[in-house]
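As structure tokens, here come the structures.
Presented sequentially are two complexes of chain A, the first with chain B as partner and the second with chain C.
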Partner chain A sequence: MSGNKNDIDRRHFLRNGLWGACLAGLGAAAGALSRKSSAENTVWQIDPEICVACGNCATYCVLEESAVKCVHAYAMCGYCRICFGFSGPEPYDINEAAENQLCPTGAIKRTFVEDPYYEYTIDESLCMGCGKCVKGCNTFGNGSLFLQVRHDRCLNCNECSIAAACPSGAFKRVPADEPYLLKRVDSVRNNTAGCKPLRSRRFSNGVDIA
Partner chain B sequence: MIRLVYIIIGTAFLLLSSGTASGFERFPPPDFESGYQQPTPANPAPRRNIYEYVDTAVLLAGLSLSSYLVLRTRSRRAILALCVFSLFYFGFWRKGCVCPIGAIQNIALSIFDRDYAVPITVMLFFLLPLVFTLFFGRTFCAAVCPLGAIQDLVVLRPISVPEWLEGGLRMFAYVYLAAAVLFAATGSAFVICRYDPFISFFHLSGNFHLLILGACFLLVGVFVGRPYCRFVCPYGVILRQLSRISKWKVAITPEECIKCRLCEDSCPFGAIRAPTADWPAHDYNKSKKRLAFLIILLPVLVFSSGWIGYALRPVTSRVHATVRLADRVYLEETGQAEETTDASSAFRGTGKDIQELYAEALDIQAGFGLGGWLAGGFVGLVLAGKLIAVSLRRRRTDYQADRAGCLACGRCFEYCPQEHAKRKLAKDN
Partner chain C sequence: MNVRLATANTKVLIGVLIAAAVIVAIVAVVRLDTTGKRGSGLGKEFVYDVGDLAKIDPNLILYKESTPAIDTGFTKTQAIAVDSEGSIYAAGDKAIRKFAESGNLLGETRLAGMPRCLTVAGDGQVYVGFKEHLEIYDAQGKRLATWQRLGDDAVLTSIAVSKNDVFVADAGNRIVHHFDTTGKLINRIGARDMDRNIPGFVIPSPYFDLAVGRDGLLRVSDPGRHRIEAYTFDGDLEFSWGGFSAGIEGFCGCCNPVNFAILADENFVTCEKGLIRVKIADPDGAFVGVVAGPEQFVEGGASRVSEYGPGAQAGAFDVAVDTSGRIFVLDTHKGVVRIFTRKKGE
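Right, the complex of A and B next:
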């Protein structure tokens, strides 16, 4: 061990060199990544045009009570007397009695407006996001009921548990300043306007990098 | 009467649903005569962007304070206090998202997916602890990481893990890192987030299995200090390497080590290295040969485990939803599966071409082939590196904290009599 002192010098030199290289590497990574980063944060949302209302939203959310709720686009609603979203395909009678309601928690309120129209409103404190009404409304109706992530509840997990369980890939990240993908009348008239192609990658937030 | 309504509805339904997707306007919205106004429900806005920057600022402040406490104040009590604060802020208040460990996946995805732009706050969460580790050692692990904090609080009866077992178990963390990057880069899943054992504690609700897993980690953590940090954490293995060359490091004693051996058993994480004896000559020659052999073995290990990663692509690629869907649709098309699943019927509902789906799935699988080579190669490299590191012997003349393994928790400080002498001196003055 005669060259001990030289050994240590060399070790220090190597260590310092490696340290500098690591710092430079981190700096370069930061530079490269910041070119591809966005100042805007993103949040999870359901694309209602892709959603198939399978019911996973009610059970897969990490919250005890799902962050997904049913939303009503009133402008699209037909205000039907017989609503498939409210009463399902085979009601015993056409009224608000519990046995005639499709919603398991009775979260849809049916109120008479004028003959023959009825208004349907969602009580979000009762809704659990199971999407039964959404399925009913889509099957025979205008599709004015749809599911959305409510951002007063959503924890914005890095990986959304519901998104991981979504069979149709309807969950995606959207910019935080436009956090909802609402159905609109104009997107329905032209049936494909609101539709986006099925994305293979759930995490893509659609920010154009090119 | 009702029956008649059904028949009419049914007929109308058949007529209307022919060739239409959901959401077609079947019943034109009415013109109301009673002056009815449509309600306009409010949509609650998400947490404002500014708060994400507040989180980053708290992270930066926490890292600075932690480094100061570990390297200057040397007070275990203060480190513990910061630990508890981090647990409550990043854990229970911010619900553990986003954390630097999970941010690995966002960074990996942003490198491999040109459509994905990583938010700046997530990038800072990933980079800041790395930079701090390069300067001050693993002070992030010490008192800022909420996952570390929750485990640090339950270390009550630590037993020492033999070094060979510790090293062997740690290999899992490298495999986990490779797998997490592979699945994130292919856009399949964020497995670190999915199997985070403590997230259900932070949420105070969640998947039952994860709750059990978290409870197991905490229970084991009573006897084996910080099991997640040492044997699982994929971010920890990156920090280990950076900590090896950090500018400053944790010193057990503030003065010269007097080899009193009092600190020997103070570390619950087995990160204190005892002084070494001189190396006998015959041992030295034997080790030289072994080292040469291992260096030759290195490329073999890298190649073979890379090949294993490649060969596993039919299994690994099934983590991707599209590949799973294509598999299912293939089974249904060839009559091997009778019923449809939610996913396959949703796919059929879109009317997309099945061949296109197959092609997409094959494309993804090819990506997994390349990713498998890289991830497997990485694991092989780590394995070979570990074997080489074991056969090297370094000389130590005093008790030192292992630069890589030291979590900078500060437990050993008060075991050192030199520390007490210094404190007393400072007090007397």
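Right, the complex of A and C next:
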């Protein structure tokens, strides 16, 4: 038996085994590094065209105050006097009084620009990402209010707990150097299906919002 | 003996602790919601619900859907018109399709671009509005004319033809262009001019409709002001009617009505987006009744931008009427034309 030249002796077996283990380890390390590198180059974001503003963003984030906030695409906004993202469906009156505001935390500010136009801004320190205003704006308006993961807050967890709880699958990984999925006027304007923005508003008092 | 008892008690205690830990773990796992199916858990003050507004008193509904809807076959529908013979024209997917009352397809005219609005003149010519210009076709689909482009900002949304006058609503420039039938510009109507007591149109989104009434006045929707305005052909604002209300008698939302048509009895058919309501108003704007309400058009009552797929906004429905008083509603969500007739005795 020992005289057969095809037989593998213990030394050869150990050497080959060691080489195999080293190569496998190297491969695993490279794979892990590649995966980690890939994960580091992407971040979580909400696709506003898919988001249904269910409210889960407000409560499923691991942060006590969600990393998701409402943002406003000013170029899409109609600057309406009666904004259904700001006012409830049946406001008592059309003004800034608390009882007429839709946002439970009063995070939307309404500022007179020029008759009959008003500007709406989000106070992110008050916004909790519930998406109530997003639903109102999407249902009746141009959809200029939408939710985004704010990357000054997001921990970029490997398994985002909001993404797991998102009923519409709106959470996706996006390149870290383009971390926001913003609504754009042109892409919406070219969609002929329905309500969409027109162009930048230029007001006589000097406000010019593209 | 005491040692045995103490050992036994310790074992029981450990067993109870383990059992309690297992029960707590099971409860925690059962209560854990990693899929979000149980909802956000937010209180009712965080819920946006227009379900009550979508409900309409059945006694107010004066019309019924008389025949099966006509499937346009388009993936994107944009506008409808009805000619004097009752044929129905639908615009969408770079084409105009003509249907018989029965729903049979009578013909199709292919277009170079996406049509945004159309109307059929008394002589049968079909005026088709694109984003920035108009084209005119004969009844057989042959192009007769292409009019001048109205600029990059133009967004044409409606056309009306009255004998020798052609009116084109331009939502982008928030103005009505008044042409003769050769395409020569006569004047522009509705620009802000406080010396003439014209406040200017408020058009937050590209829904801007017009029609010529039997009284010879041009009616133009001003959705940002929730009203319909009446102009002479020279551009003088005569009067207006309408106002904001979530109630059935007014126009709901930020900007409505989005479309309207004028019946032979001079009553108005108005259509709202958001809470999609098709209603009848008399010539002075008084509420008469409902053709169809949100629950008849959209499941859940209110259309939401995000529930119609990527890129799809909540389309507003177009309306048209024929000489017999039937009302045609273009359901842009389903791509069908729904036909409503007045209930007998209503």
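What to note about this one:
The criterion applied here is as follows: the second predicted complex is superposed on the first by the 155 of 210 C-alpha atoms of A that agree within 3 Å, B and C clash if a C-alpha of one lies under 4 Å from a C-alpha of the other, contacts with A are read in each partner's own complex, and residues count from 1 in each chain.
Note that in this section a contact is a pair of C-beta atoms (placed from the backbone, for glycine too) under 8 Å apart; a residue touches a chain by one contact, two chains touch by 3 or more.
Because the structure is predicted, anything quoted here is derived from the model rather than measured.
In the superposition on chain A, contact is made by A:P104 with chain C only, not with chain B.
Once chain A of one complex is fitted onto chain A of the other, the partner contacts of A:N41 are limited to chain B, with no touch recorded for chain C. In the superposition on chain A, A:C154 makes contact with chain B only, not with chain C.
When the two complexes are overlaid, the chain among chain B and chain C that reaches more residues of chain A is B.
Contacts of A:K132 after superposition on the shared chain: chain C is touched, whereas chain B is not. In the overlay built on the shared chain, the residue A:T59 is in contact with chain C alone; chain B does not reach it. Residues 48-50, 52, 54, 56, 78-80, 82, 90, 94, 138-143, 161, 164, 167-168, 188-189, 191, 198 of chain A contact both chain B in one complex and chain C in the other.
The part of chain B that touches chain A in the complex is made up of residues 2, 5-6, 9, 13, 16-17, 20-30, 32-34, 36, 38-41, 43-47, 49, 52, 95, 97-99, 102-103, 105-107, 109-110, 113-121, 123, 127, 130-131, 134, 187, 189-190, 193-194, 199-200, 203, 205-207, 242, 245-247, 321-322, 341-343, 345-347, 349-350, 352, 360, 364. Of all residues in chain C, those touching chain A in their complex are 33-37, 39-42, 45-48, 50, 53, 76, 78, 114, 116, 153, 155, 171-172, 202-207, 224-226, 244, 246, 252-255, 273-275, 302-308, 310-316, 332.
Per the touch definition, chain A reaches chain B in the complex via residues 15, 18-19, 22-23, 26, 29-30, 33-34, 36-43, 48-50, 52, 54, 56, 62-64, 71-72, 74-80, 82, 90-94, 113-114, 117, 119, 121, 138-143, 148, 150-152, 154-159, 161, 164, 167-169, 176-177, 179-180, 182-183, 185, 188-189, 191, 198, 200-210.
Residues of chain A touching chain C in their complex: 47-60, 78-84, 89-90, 94, 102, 104, 116, 130, 132, 135-136, 138-143, 161, 164-168, 187-189, 191-199.
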